[in-house]
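What follows is one structure encoded as structure tokens, with my remarks underneath.
To keep things simple, chains are lettered A, B, C and D as they appear, and every chain counts its residues starting from 1.
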Amino acid sequence: MADALGIDWTTDWIRRTAQVVHDHRVELVTLDREIGDGDHGENLDRGFTAVLAKLDTLADDAVPGDALKLVATTLISTVGGASGPLLGTAYLKGAAAVGKDEQLDGAAVVAFLTAARDGVVLRGKAEPGDKTMIDAWTPAVDAAAAAEAEGRSPAEILAAAADAAEKGAEATEPLVARKGRASYLGERAIGHRDPGAQSSSLILRAAADSAAGTGGAGTGGASTGGAA
Amino acid sequence: MADALGIDWTTDWIRRTAQVVHDHRVELVTLDREIGDGDHGENLDRGFTAVLAKLDTLADDAVPGDALKLVATTLISTVGGASGPLLGTAYLKGAAAVGKDEQLDGAAVVAFLTAARDGVVLRGKAEPGDKTMIDAWTPAVDAAAAAEAEGRSPAEILAAAADAAEKGAEATEPLVARKGRASYLGERAIGHRDPGAQSSSLILRAAADSAAGTGGAGTGGASTGGAA
Amino acid sequence: MKKLINDPKNVVDEAVVGFEAAHGDLVTVSHDPIYIARKDAPVAGKVGLVSGGGSGHEPLHGGFVGFGMLDAAVPGPVFTSPTPDPILAATKAVDGGKGVLHIVKNYTGDVLNFETAADLASAEDIEVRTVIVDDDVAVKDSLYTAGRRGVAGTVLVEKIAGAAAERGDDLDAVAAIATKVNGQVRTMGVALTPCVVPHAGEPSFVLADDEIEIGIGIHGEPGRERIKLEPADAIVDRLLGPILEDLPFASGDEVLLLVNGMGGTPQVELYIVFKHAAEVLAEKGITVTRSLVGNFVTSLEMQGVSISVLKLDEELTGLWDAPVQTAALRWGR
Amino acid sequence: MKKLINDPKNVVDEAVVGFEAAHGDLVTVSHDPIYIARKDAPVAGKVGLVSGGGSGHEPLHGGFVGFGMLDAAVPGPVFTSPTPDPILAATKAVDGGKGVLHIVKNYTGDVLNFETAADLASAEDIEVRTVIVDDDVAVKDSLYTAGRRGVAGTVLVEKIAGAAAERGDDLDAVAAIATKVNGQVRTMGVALTPCVVPHAGEPSFVLADDEIEIGIGIHGEPGRERIKLEPADAIVDRLLGPILEDLPFASGDEVLLLVNGMGGTPQVELYIVFKHAAEVLAEKGITVTRSLVGNFVTSLEMQGVSISVLKLDEELTGLWDAPVQTAALRWGR
């Protein structure tokens, strides 16, 4: 399975995410100031900076699930706020879904995204349309599943997910929030994009970009094995 | 002594002062905000409003000294701040200087002004040039004494005092303050007029205006007697 | 942004060092992870009380650590919930063998992080109960919101539950008292000016020169309505109305009245508010038997106030009066 | 101007009614003339302590009335000294036959009005001593100024002299203790933002967005210099330098460190200031053995802080630790 995603993709995704979150720190803070408490960019920047610092603690034979679990525990222990446990749980459940696989094929990518989304729902109990990060994750999962059903590559699946997440984040703008701090705003949340949906869409775009760059022909030292 | 000033002049002066202080409340507050604590207009307005309210407690046979003493005790008990005890003492000592005189001639007016000024110095220990109300009172006393020496009428003496007080207040602008709150400003007080000097000049102008209106030909029921 | 800080990133770390230097007689401070514990923690045989949440609400919670109140406080970054790690560490540090009560303000972040910490503590065989404080009547408690927020009533929950723990109540009993206080206290606040989160550097929200926000949350979240500035008495009426209707409070009730400054409000204003609130309660036949006025649950430099009314009974009054010795609340010792 | 008030003219009257409603267990309030007296005043056989001054500095002075501290506080209009009448009335109300100490901050208005009241009290055969507090090192104490101002050190004078009176010291001894405290405490403050006097309706002074005023007085009077905003540690250095030089404090000294908020300063910032101040003192071999952090002598909603250092000895430390029971300072009972 030449186009499966291995540990290189995972670590590249993590590094890319850290960079993207850092670059969009002010944007996310601004979005959160509009309908929340103005710390979302700061929270994620702190979290992914911590993840980066721990990346070299990964064993040489680490698989994607190991790296994703590292992200999970690090986010949980450094981000705080609502997004820390929620995103942390997403990575935790996602990591569990891909288990010890060394290479993630399309089905594994969809399983990862689905488990991640379900983790957020489990902890946060938000439904689609509540104006939360779920509104990025759910369309992403759906689009990924559709792409996988069409036999697309993992990189294409992630690109489809990222496209859908972006639209989903955008689509939070006209909504009234029913979870998180923005729910206190009532009608006044209308016209503002949910910061968590926006950051999730950035994270998924980073995943797709990393796949486009590092996925494909089994590049990188770690992508040697690979089941299914 | 046809042009001496009686109780009518005194009560008119008091009423006029209350009006003038009220009209200049904001101006005095502003001056005090620039180099003090922004309450001088408020303080004097409160004080003279209280004096007005007590004016009818004056006995029918009250003499100028009685009315001036009423101003003194009322200012002391209602103004607070620095200006309350200082101006209160001015009226108190001034009232003592004119004693039970029913009509104040030129010499009595000068005695009043001198005692008033001395009262302020006694309490506040300021010297001319310290950028305080003394800088209005001292030139006023000097000008009054000079006018009296030239044989001017009480109304003319007060007009001379008011003119000098106005100039004195204006002349506080380039000074560094050495007493009161403005002394904390050092060089930064330069360019601002002292609020207490300004209010004293307004009070003395009111005295002159009242004398011009009510002094002269022994008008008014109370101006019947009159020594010297 | 004008603040007496060195670096926005170090605000909490440095403040905690200062707190330790100032109150070393009352507390011990752990710096990594950050929590503030009662000097004599763990107190053997006593239920431990842990609270926490984002910083910027001082004296909440660190100022309430000590005899008769909290055993530990876990300050997160400004306006951001702490993560599970320090909550777990604090929970372990104050467990005296009788279990630990988590007192958590109802914000998604706080609830989720304390939840994770409680799971981890349970895994280490520490019994944990959690009481969620949600006293803010400004927010409708419906399926369509994250539920009512925990605001100034928290200090009353912490004081009274702390007294119950101090007298020897077991974990269930302390949790029951905390739940009871939360059930009997109602709060609503108003903001006159916004606050500035250090790392954001700009006001959390914008109010025109003549606007105020009725029903503000303690992070500057908006509430019921934005209106033109009114006289203090009218504002008090707007805050007390929903409070009194909600429980509902009734003639004959004895209450504790808390007038809480948001951080930047001059104290004279708090007493002007207290005056009218007490008058309104008196008119309704409600007697203020205990009162508290000051900055207890703040929002940085925000100007504004919240009013809390707690329905008292003999037990709650006795627990309120019990000795307390913390940096911000102290009597009886 | 955004304030929780009804009418600028009634600010003090209404606040005092609220204060009475909130603290009726500790104080009795006279409304005409206005003063706040200890509930059990006059305490027979005890020297009475009276302080006062313009309002807007709360909790000073009303918040310090009670057991072990002041017998009465006389609040004037905002930032304006009270007149002699209420000072005289308060003095008479708390005279327990052992005379009364007037504690007066060194402002011309306060000094003159207390002076007149003391004269009138003497005329009524009450023995009065006056101690002028002038702890502010920002102002040069020379013939060319009204002298140093009385600022946050006042709360230390009131607490320690109050304890001396409570233990039974006579008038001369209480006055001597108060004078000693004033002689051993030095203070300097900084303002980040101005305050707005209610009846003025506009800021007392103007600071640019990046400017601070070093050496500010408690009515917003300017101090030594206006500079660009600096990190907290640098500001603390600027405040502590003149304080430590002035007494001078020396290695081996034991001190009380007071970090006082000006009214609108978030508490985290006060602790950041405390941290560095304590560090600087430690470097110089000066040991902080007692500390106080919070809003004690404020300037309405001004953001800023003052640092006070009081040189302690065994007697002062003991008097500081003695029980006190007031609205704003309480321990030991």
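Here, a residue touches a chain if its C-beta (ideal position, glycine included) is under 8 Å from a C-beta of that chain, and two chains touch if they have at least 3 such contacts.
From a predicted model like this one, the values you see are computed outputs, not experimental measurements.
Each chain gets a centre from the mean of its Cα atoms; for chain A and chain B, those two points are 79 Å apart.
A straight line joining the Cα centres of chain C and chain D is 29 Å long. Centre-to-centre, using mean CA coordinates, chain B is 56 Å away from chain C.
Once the centre of each chain is set as its mean CA position, chain A and chain C turn out to be 34 Å apart.
The set of chain B residues touching two or more other chains is empty. Residues of chain D found to touch two or more other chains are 78.
Taken as a graph of touching chains, this assembly is arranged as a line, each chain contacting the next along an open chain of partners.
Which chains touch which is summed up as A-C, B-D, C-D.
Those residues of chain C that touch chain D in the shared complex are 2-7, 11-12, 14-19, 21-23, 55-56, 58-59, 63, 78, 192-193, 195, 209-210, 212, 229, 231-233, 235, 257, 259, 263-276, 278, 288, 291-293, 295, 298, 300-301, 303-305, 325, 327-328, 330-333. Residue ranges on chain A touching chain C, taken from their complex, read 29, 33, 36-39, 42-43, 46, 76-86, 123-124, 176, 178-181, 183-185, 188.
Chain C makes touch with chain A in their complex at residues 54, 76-85, 107-109, 112-113, 115-116, 138-139, 143-146, 149, 197, 199-200, 202, 204-205, 217, 219-223.
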